[in-house]
Amino acid sequence: MTSVCGKNIIVSIFGQSHSAAIGVTIDGLPAGKKINIDQLKAFLQRRAPGQNAYSTPRQEADIPEFISGLVDGVTCGAPLTAIIRNTDVRSGDYSQFSDVPRPSHVDYAAQQKFGGVQDMAGGGHYSGRLTAPLCIAGSICLQLLQQRGIEIAAHIASIGNIKDKAFNLVNVSLAEFELLKAKSLAVIDDQKAAQMIELILAAKSEGDSVGGVVECAALGIPAGIGEPLFDGLENSIAAIVFGIPAVKGIEFGNGFAAATLKGSENNDSFYFDNTQVKTITNNHGGILGGISSGMPLIFRTAFKPTPSIAKVQQSVSLSQKENTTLEIKGRHDPCIVPRAVACVEAAAAIAIYDALLDTQI
Amino acid sequence: MTSVCGKNIIVSIFGQSHSAAIGVTIDGLPAGKKINIDQLKAFLQRRAPGQNAYSTPRQEADIPEFISGLVDGVTCGAPLTAIIRNTDVRSGDYSQFSDVPRPSHVDYAAQQKFGGVQDMAGGGHYSGRLTAPLCIAGSICLQLLQQRGIEIAAHIASIGNIKDKAFNLVNVSLAEFELLKAKSLAVIDDQKAAQMIELILAAKSEGDSVGGVVECAALGIPAGIGEPLFDGLENSIAAIVFGIPAVKGIEFGNGFAAATLKGSENNDSFYFDNTQVKTITNNHGGILGGISSGMPLIFRTAFKPTPSIAKVQQSVSLSQKENTTLEIKGRHDPCIVPRAVACVEAAAAIAIYDALLDTQI
Amino acid sequence: MTSVCGKNIIVSIFGQSHSAAIGVTIDGLPAGKKINIDQLKAFLQRRAPGQNAYSTPRQEADIPEFISGLVDGVTCGAPLTAIIRNTDVRSGDYSQFSDVPRPSHVDYAAQQKFGGVQDMAGGGHYSGRLTAPLCIAGSICLQLLQQRGIEIAAHIASIGNIKDKAFNLVNVSLAEFELLKAKSLAVIDDQKAAQMIELILAAKSEGDSVGGVVECAALGIPAGIGEPLFDGLENSIAAIVFGIPAVKGIEFGNGFAAATLKGSENNDSFYFDNTQVKTITNNHGGILGGISSGMPLIFRTAFKPTPSIAKVQQSVSLSQKENTTLEIKGRHDPCIVPRAVACVEAAAAIAIYDALLDTQI
Amino acid sequence: MTSVCGKNIIVSIFGQSHSAAIGVTIDGLPAGKKINIDQLKAFLQRRAPGQNAYSTPRQEADIPEFISGLVDGVTCGAPLTAIIRNTDVRSGDYSQFSDVPRPSHVDYAAQQKFGGVQDMAGGGHYSGRLTAPLCIAGSICLQLLQQRGIEIAAHIASIGNIKDKAFNLVNVSLAEFELLKAKSLAVIDDQKAAQMIELILAAKSEGDSVGGVVECAALGIPAGIGEPLFDGLENSIAAIVFGIPAVKGIEFGNGFAAATLKGSENNDSFYFDNTQVKTITNNHGGILGGISSGMPLIFRTAFKPTPSIAKVQQSVSLSQKENTTLEIKGRHDPCIVPRAVACVEAAAAIAIYDALLDTQI
């Protein structure tokens, strides 16, 4: 079991959906760095539940308490730990799932792994709630990246079959980032945003859910970041992104589309933009051989539809050893993607900051 | 820098394309396990170059020498190290690329990272040649998995726009694996295989290259393997697969397609197949919450077209600080995908075996 | 920076002496294990301050709150986190030491490392107070070891030049462990205990302090535990024990005394005790080549005298760049050794339990 | 199993005494560093066997072959691997020990661990021969430290009861290092050296062996190196040093002697030596709270007498389940300490260099 990631910083996430608290420890942060707590809280708000009609009505204040590692808002070189108390907990909702596992949820696999003693209330340690501490760590890493001129932003590339305008692989800009972060739904094209909300609400009203894709970009990463083979930027971003529940795929640059192209179509020619080496296209998504190229880093992450739906579903009773049906009552997001935008940014920030510490630059 | 992966076993890969040798150390293998060297060599042959018209003419005997960890073909509990001598080396081919980086190759990023002292002959440590030691480690892990009833096979899902028949997510079988491994090109549909070869040869004759997708399945993994958050099967498979050169994306189960579906479409209902719990569909690809579900594990990996093409390309002279053109002479695969099939299987075998050692089952 | 230890379990300690709380996360504990919280609290009491005339008067309730990983006192497979609130905090005591470092304390070295932004109030992250979370983790590991028939106990081998009776390397027994744990001062020979207290009180009255040695034994470890070279039992116990403040040495078996002997004197002959292989002597302290031999594991740890003494000392003013004198007021143990006994047991328990999880037995 | 150490550099040692080769991979070395191979070979010579009357007559050319990571003697950023072929191998010497374990040797514990399939020829992976790759890694780290003004040297502090002059904790100098390295036996006092040789030869003629202590010093380490709790310099040096066969203890500064002192005696007062902060005494051995203080780093390591002695010893037959006697024929050092001096320096160099890479300085 390892809810621990990172190499130069070690990010350790703990808690269950319905335990006393959830939290995160970051070991290895440099000392003397100012952390803006208001900015961090604003970041957390972007993944917080209960904010609008298309997310779970579960209410969580989600106020992190920093219990170590910060003195007057400045890192002191000791491990930084923050916890969030769980308050709005209704364990009763979940009692049945240890016997009748929810389709496409972790219930059955966890039952086989832990032999029945796992804490599955609210999804336990596998709950999307654990992305709150991920976002705390991510926001801190993002602030430290910003202090070095690196900025990260993500948007909803698609929900169901409704597609937002994609980031321009070459020209994605900080201005675009600003615009996105000011929106309640991180979608470039407002018309598409409206359609996405409509689609989510329709799924909700049917007791159903819907999936989507998040596209994330990072600007300002100098060329030369990332280690060979198993510690390249793609490896380390992927290793953290798959820690976000419901992620089923990741691609960098033009990703799966590259597989359909010829080398002469996919290759990105170098040129001098004044004194700076750039590429005319950016099909490589800012990463070559695991190392940053200086071009915008771009990747896309696929989220499956929330498995917890209200519709009656077919499952099994493990105790009765027979097929049965299941109706899930609890409170669930009809679409996790809007709240996942911040989580993807957080995962990217942790991986990139960790890689930056590793580099010889 | 870390060319090291794994947690319970530690796989450390070393060597450059044109160094005296390349190799791998696997630390943490259990003692007393029989390794079939002939089977390992046959596995290596599947990724070896120079075997047919559509791969690089570079000839490498690729005979591994086991210098430690094996006594009479049985693991002895000490780290296992194997090396392969580099013999057919022509360093001169590569001298120009430190000044004029090849588009979409690691040259420029590595130059920025290492400040010019990196060994880029033949791609150096970033060469596809380093997948030979990966395959040694993978073949050993695969044999140890087979001793526990787990089998892995991959096929070419597509090259360019030519698509092979996909694995049936639910019914992929060992018999299908056998058939695939007997073929010179790992494609289920022979007609498609012929078209793929045609496409590769066409690209070759144009001095171009072409990309593709490898689909990999694993059978026999018991439910309950894989750790939470950052150490799930998806995370650890992805972290190794992105260590294979040219990989730009990975997806599990129905992957990116899941993002377009509703929960009611994507969810996999449980049922009893006699006494065994299965799912009717397998959109989750055998992994739920990072943990194996007992269903076939399925993932797909996107490979970009080989960046080294014979066509004249646009690049820069770093020393002259001006735009220039580049013509790559060396010996290169017009399509890396056929040889990558074994590499993907190897990566999966390492990740799954490592996870299996971790489990409480 | 890494306040993280372990391999199969990952123990991450956080907090500063005067932060809101201190605590520990243990990742990787098996699920379904009962943890006796009363037993854990009793273990913590053994290192708690303020209990008698020869320890610091600082009062800490030291009641751990388990915020994750335990459900009804049983591990659930998720990371276990416990925190202890810091209550009796007087930061003012420490303000001067960032300019005038205390001799033989971490002040100066930390100042050089962290450039002045470290939190040195109460010793910050370097405080002996951080051994409380170490003891939480240690008590949990010890309970899990006990469930497998392994018991650990330590005693004060010496304080200053007063020496307790040593453990008999061959015949140390559980009965002896019981007796020790029932005592307020973990000393085998009561007369020596009285002399030790006298010595500590004399040092205290002089505004001085005194060092000592803790001897620790573990019974019931089966032969065959411990990995080669850098992951033997000696390596991993040492790596954790040196995490306890004031430790300056460690030796196993007859340790430094072995260096004065001939092989024929130091070698431990094997014999059969009924069907069990034992050694007639146990100069090896239960570890051969890093691996447990089945004999009692024995090691000794040297603690320097508490550097914080009331006597006027010579130091420097870093700001004034001149020599000066220093008088330390705060509250300090005249001898850390009595409270360190539990810490040494905790360190041993963590290392041994981690090694046990690693083994193929 | 982990024959892997380090955090920023990852040192992985492989091979058995009688396998085809032994070797080491160092992952994470910075690129562009010149390695002097002659200097490295000279370093290796200091631990090589067969050089005089008081070491094993086993002859090994011990010529390392660098198979990756170096281009024209300069690190290229890829993992550096060196191997040494095993040539003078006589496996027959060792066949009996799997049944009749040698007292105080790893035989019995390894038999219990590996169930009989371990390769114990020549000590297998536990052989002192594996310190040759340790010395390769150590010499490389030492050269990199020297490039940053840090120098390490060790001497034989004692053999049996014959004690060399100790390093002066405060004034140990580079000049003293030079003198030591020029000697065939690393002993400060030549008269004591002669007595030590006499003692070793006496032990040898009796078919016996003798232990000793190695004292090691490092000069030029800036203040501020070393991480808190489990990653301090003491922890990491100890974790590697215990990887050298026959080590049974380690102490820093005045070590176990500190345990007999009062704080007022043991504390090291700070003062200004011109603009530099120093301590009047150096009982702390250059490490405070795990962090370097800028004073000389000093530690001592206890080696037990070589367990392989020619005298008839008592042991057991594991197959016959009865007591028996054992006479060891092979070729063995009557005292390992002279050859261990370089190994201790190597271990220190690896730990200190790894810590230096970690630091924020």
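Order as written gives the chain letters A, B, C and D; numbering starts at 1 within each chain.
Quick note on the criterion: a residue touches a chain if its C-beta (ideal position, glycine included) is under 8 Å from a C-beta of that chain, and two chains touch if they have at least 3 such contacts.
Predicted model, so just to flag it, every value in this text is computed and none were measured.
Looking at chain B and chain C, the chains that touch each of them are A, D.
For chain A, the chain with the farthest CA centroid is D. Between the Cα centres of chain A and chain D there is a gap of 46 Å.
With centres taken as mean Cα positions, chain D sits 26 Å from chain C. Note: centroid distance chain A to chain C, computed from Cα atoms, is 39 Å.
Residues of chain A found to touch two or more other chains are 1-4, 13, 31, 77-78, 110, 113-115, 125, 228, 360.
Chain B makes touch with chain D in their complex at residues 1-4, 10, 12-16, 19-23, 25, 27-29, 31-32, 65-69, 71, 74-81, 83, 110, 113-119, 124-125. Interface residues of chain B facing chain A in the complex, by the touch rule stated above, are 1-5, 7, 13, 101, 103-106, 108-110, 112-115, 125-126, 130, 158, 160-161, 203, 206, 208-213, 222-232, 234-236, 238-240, 242-243, 245, 247-256, 258-272, 275, 277, 279-280, 283-285, 287-294, 302-309, 311, 313-316, 318, 321-323, 358-361.
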